[in-house]
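These are the structures, in structure tokens.
Two complexes come next, and they have one chain in common, chain A, joined by chain B in the first and chain C in the second.
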Partner chain A sequence: MSNSTLTPPGGAGSTAVSGRDGPGRGRGRVLPPPVTSQETVLIVVIALLWLVLSLATPAFFTAGSIVPLLVATTPIALIGIGMTIVIITGGIDVSVGSIVMVASVITAQTMVDTGLPLVLAVPLSIAVGGVLGLVNGVLIAYGRVHAIIITFGTLNLFRFVGLQIFGSSTVEGIPRTLNFFGRGDAGRTLGIPHAFLITIVIAALAWYYLRHTAGGRHFYAVGGDANAARLAGVAVRARVLSAYVVTGLLAGLAACFVLAQGTSSLAANVGSGLELAVIAAVVIGGTSITGGRGSVLGTVLGALLVQTVATGVTQLGWPTQLSSLFVGVFIIVAVGADLLRRRTRSDS
Partner chain B sequence: MRAHRYTTLAAGLAAASLVLAGCGEGSGGSATGDSGGEGGGDDQPTIAFVPKLQGIPYFEAMNTGGEQACEELGCEWLYQGPVEADAAAQADIVRSYIQQGVDVLFVAPNDPDSMAPLLQQAADAGIAVATTDTDAPDSVREVFVSQASTEGIGQTLTDELMQAMGGSGRYAIVSCGETAENLNSWIEVQREYTQSEYPDAEITDVVYAGEDQTVATQMATDLMNSDPSLTGLVGECTSSAPGVAQAVRDAGKIGQVQTVGLGTPNSMAPYLEDGSAAASVLWDVEALGELTAWAGTQLAAGEEISASPDVPGIEGVTYDAENNVLLLGDPLVLTADNVGEYDY
Partner chain C sequence: MTTSTTPPPAPAPEKPQPGAATDRPESLPGRLLRVLLTQRIALLVLLLAVVLITMTTLSGNNYLSAPYDSGYLAATLINAVPLVLLGLAELLVITSGRGGIDLSVGAIVSLTGMVFGFAYGEWGWSLFPALVLAVAFGALCGALNGVLVAYLGFPALITTLATYYAFSSLALVINDQQPINAEPIQELYSTARAVEVPFLPDAVPAVPLGVFTYLIPAIVVIWLVMARTTYGRKLYAIGTNDVAAEWTGINVRRTRFLAYVGAGALSGLVAVYTVAQFASARPDAGVAGNGMALPAITIAVLGGVAITGGIGRVAGVVLATLLIVWLNAGILLAVPGNAGTQFQLFALGFVLVFAALLNGFANRRYGGTS
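Then we have the complex of A and B:
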């Protein structure tokens, strides 16, 4: 475990990686457990919900119901992976909804105009997202203004760009090129939805990278204390920059998923409010909003929980507004749990 | 270099403010009939329309209709709306039109209650005020140009769905905003009309997807899963209508589950063609714009509107003099056969 020589302040905290641990400390104390208590709770809650829903509506636990649920989870989970990294570094990106808007309108319009095939449409969308993420990253890494201000600005700027492309209209007659990522038959192989599989693979890679490589641990160091990280030799700016670029790239890919799940027409309100849904998934997943701690696994579970609640409320025939109530409670409980953990730690 | 840029900026701002000031004066004069110094000013009333928001196909189509009608009828058509459906931003635009002193002001209010005092202000300034698309019933508006009656929409939606479902079965409604008054009153008609006219049919659930089509699609999917005996879905607004049809298509249930909705022609065309949507009920949005412009010319001229007015190019317009409601006529039913005739 000589990946890193960092000990952020409060380095006794479970997330800190240290090569200078005293002899009495075992390996188990160096890395956080593979599955944190919050994630365990989430897994149990989701499992219970699925069980209850299966008993309440027999149709819930069937492929026809689970596949669309998993597919609907993917845009938020995918962007959530990037958002988790951003929030771990102590930042935030509220422009992701606008990035999805710009990437989806450019991709949709190009497909309508030129009949762009899938293998080109996806890279195009990802590239657009990456460019916008780079704009965010450069402004935040070199601008010395807090990320929420910068991305709140770019949220509006990107939205303006998107509206210009929409040009007071909707994009109509979008071909079914992206059905590969959809909830229909074209979107699955052996019953497994492609969009979900891709999201899980990317999440697993991100999870491994963040947890088991020195580069990954640097993101936590930046979020724990950027100055200490810099003094310890972490390229803080490069880390911050890359977090926003990755988020942009993932938002670009998520735009393809959004298009695949939408209809053959695209309206200018695409992606609006998406940033809040993503941040909700990240927070419910146990990532500390103040940075330095969090995991991609939690975020994916958070996204899955939110979608399970939405689907459950609809399938049970409950009033739609109850999903807002549940999501609100989850966020507050999750943040409360985070606070409690921190207090317990500082007391000990 | 930098100083130069600021000078240019300052000059630009100064020029812009001059233009704005000039605008205010010129149009202020137009209320008394000498706008812009051009000869035709006397019989060219200025009619301004403030939509709920600008840049969506629905209001752009209304704008197209209004512009065309004004060209034929001889009026100046102004169109500006907020970029988001926001009551405060809309109020600012209304204020700017009051300041400009237009002759007739049409508003499709985002919030009828907060718009009422502003309409009073406009009327006090000598402007003829009216509403179109969405009413502000407790205001001083002289006319409300209505796209369709609540009964007309609710009953036509039900009839079209029942025709596809064979007059019986269970169906659910995917609505949009939970507080949208027009949608809720249509749903109320659908409930009553289904109960009285189609005793073998039943509305099982009403869910609210907001204006988000992916949410509408997912909710429609969930509704079909939770109730395998469901054979019909209604998309209550322009984002839900293609959404429920897409859900049926994705689930491979075309023909098993019928859908109708309030969708625009271009967005519904692919679904009407493959049968995932049976019909889309709307009104001719361009004609609504034309009728709005026509009503504006009547208001500007101070003409009374008769019970069945003769509007050039539009059939079946009626006027309810008691409530001052000008009604476009029966709803438009879009099917695979006629959807190609409209382009918005």
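Then we have the complex of A and C:
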């Protein structure tokens, strides 16, 4: 079913995309088109979902429903930007949920203890995330061990650190310092939530950097063939290291968003399972898990799709857990479409 | 670059060496180091000995909240049963190569547990057909992974992430998030109780029954399959180099497909065990907290299964499980309460990263581990 709907854009896209396989091939086009066929399909799917949902439940297409949806998308999309870079280099980071947990508990506890202002709380959270990302990056880049093993290990280690700081099971009485990123009126300008705005700006910067600068293209080179990249003069280890640091920094910022969206108490299970949602968003966005291909735009759309499904399922009154089933199906369809496109490309 | 990274891992393996040197000739420390670094089994045995000796010493000096003796060790084996089975499931899948991994085993445990709960608790099936149903249903879930990965060429990590979502969602929805606690299931708890080993009632402490009904049969079967059948040789072959395997006439797709089916069947078996252990079919049994897949993958990697495929042994998985289970048991006594559970996370993470770095180091220095 999905294949038949995907074929026309895939067919149209594949001619434009054919230059991607090698600079010397096709029309001399090195870059993929600004909006790939998978992203076009995603935009159509999201638009259709929004249309269906607003027909099914009149409450869906109102500011009271769309704004929380956009805000809830931001942690996944934001970390997804970093995860996209990591996966483009051929790696993966399953420890981001634990990074969010550590960063949010340290920030929350400091705010409770010292009444830290916003301008210090955000850098603190980002710094904590960056340090943990650095741990991942150093172990992966210099330990030369597969990223999934290292980050499975640091997932447990970071969670241990977070639980040690938690002490008791929750942090209580968190001040509303971070309301600037929240769902309420303080978190919006002209109706647009700040958290969403920040995410879009960072995504746009990352999109431009990855697409149009030499440094950005190096990440693709590392993921395409690390040895060839090294021989071409790319600092492979530095690139790999920085991908995990960036992911850590973004996870630290995402922790602020998570705190701002939560209540005044923080439970120890914060961030648990987030890594899978982020990886799902990245993959649905068309980034190849084997590395070398992917875009930030797709990831943001993927995150939006995942969150739309979650919101839609809730609003339709279906069991909330059903949304995971749809996420699973979307991953299979997205990867299947990608495989199909690659197969038709290599045939031609 | 290599020289600058060599020193840090080097002192680490030497630390436990004095313990080993007492029962081995000291004349060849270099050879000993090589064996420890390249033979994962030797390293695991040494680490296991270190853990047991340390904990027993602590226990002898009354540092622990309860005695760390053979009775306690035997009782904690109940935690080893699901870990070993799922570790073996990951062994099958990871060995099959091409990025093989199965994130969905915990979700299969949840979903199959619910199916078993319906059959045994609600539909009044007797135990044996319900058990067969559970294993078959687990195999069916694994077959879905297998078709996608082996026949359609989906990346395993993403496929099993997707099926993880799908299966865990279905498990929660199927009975409206309610556990099944019907009478037969509560009585099933008796299969998880401790029994005395026949013939040697006094010499050996009481061991949980699950060790005999699940653990040992599964270990024997998987060991036979991996080490004594042509299927096992084919699995190692496709994991090492699937193009070469294809050219030698091996049906690569079918072999890889069957690895995922086997992993699913083992998960189905774990589902029954988990239902018995908790006396209840819980819809989140395999995915609560960090879930069951992460510890299982950790165990497999710690046991020397190479994430790139083609390398891995049953003995490594079993020893790695014993190491983690007995280390965790000791930690619970040394650091009582909630903090103990937290230190278990630390131990798991630390041991995994340590083993992985050691693997990488041994690969560079000796060109491969076994």
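As a working rule, the second predicted complex is superposed on the first by the 319 of 348 C-alpha atoms of A that agree within 3 Å, B and C clash if a C-alpha of one lies under 4 Å from a C-alpha of the other, contacts with A are read in each partner's own complex, and residues count from 1 in each chain.
As a working rule, contacts are C-beta pairs under 8 Å (C-beta built on N, C-alpha and C of every residue); 3 or more make two chains touch, one makes a residue touch a chain.
Only a predicted model underlies this, so the values are computations on that prediction, with no experimental measurement involved.
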item: Partner chain(s) touched by A:173 [first = chain B, second = chain C, both, neither]; value: first
item: First, second, both or neither for A:163, with chain B first and chain C second; value: both
item: Partner chain(s) touched by A:262 [first = chain B, second = chain C, both, neither]; value: first
item: Which of chain B and chain C A:339 touches, first, second, both or neither; value: second
item: Partner chain in contact with A:321 - chain B first, chain C second, else both or neither; value: both
item: Chain B versus chain C as contact partner of A:182, first or second or both or neither; value: first
item: First, second, both or neither for A:199, with chain B first and chain C second; value: neither
item: Which of chain B and chain C A:308 touches, first, second, both or neither; value: neither
item: Intersection of chain A interface sets (partners chain B, chain C); value: 163, 321
item: Footprint of chain B on chain A - complex, ascending; value: 57, 59-60, 62, 64-65, 68, 72, 163, 166, 168-170, 172-173, 182-185, 258, 261-265, 267-269, 273, 310-311, 314-317, 320-321
item: Contacting residues of chain C [partner chain A, same complex]; value: 1, 5, 99, 101, 148, 152-155, 157-159, 161-166, 168-170, 172-173, 176-177, 289-290, 294, 297-298, 301, 307-308, 342-343, 345-346, 348-350, 352-353, 356-357, 359-360, 364
item: Contact footprint of chain A on chain B as seen in their complex; value: 54-57, 60, 83, 178, 204-205, 207-209, 211-215, 217-219, 221-223, 225-228, 239, 242-243, 245-246, 249-252, 266-267, 269-271
item: Contact set on chain A toward chain C in their complex; value: 92, 139, 142-146, 148-150, 152-160, 163-164, 237, 272, 276, 279-280, 283, 289-290, 319, 321-325, 327-329, 331-332, 335-336, 339
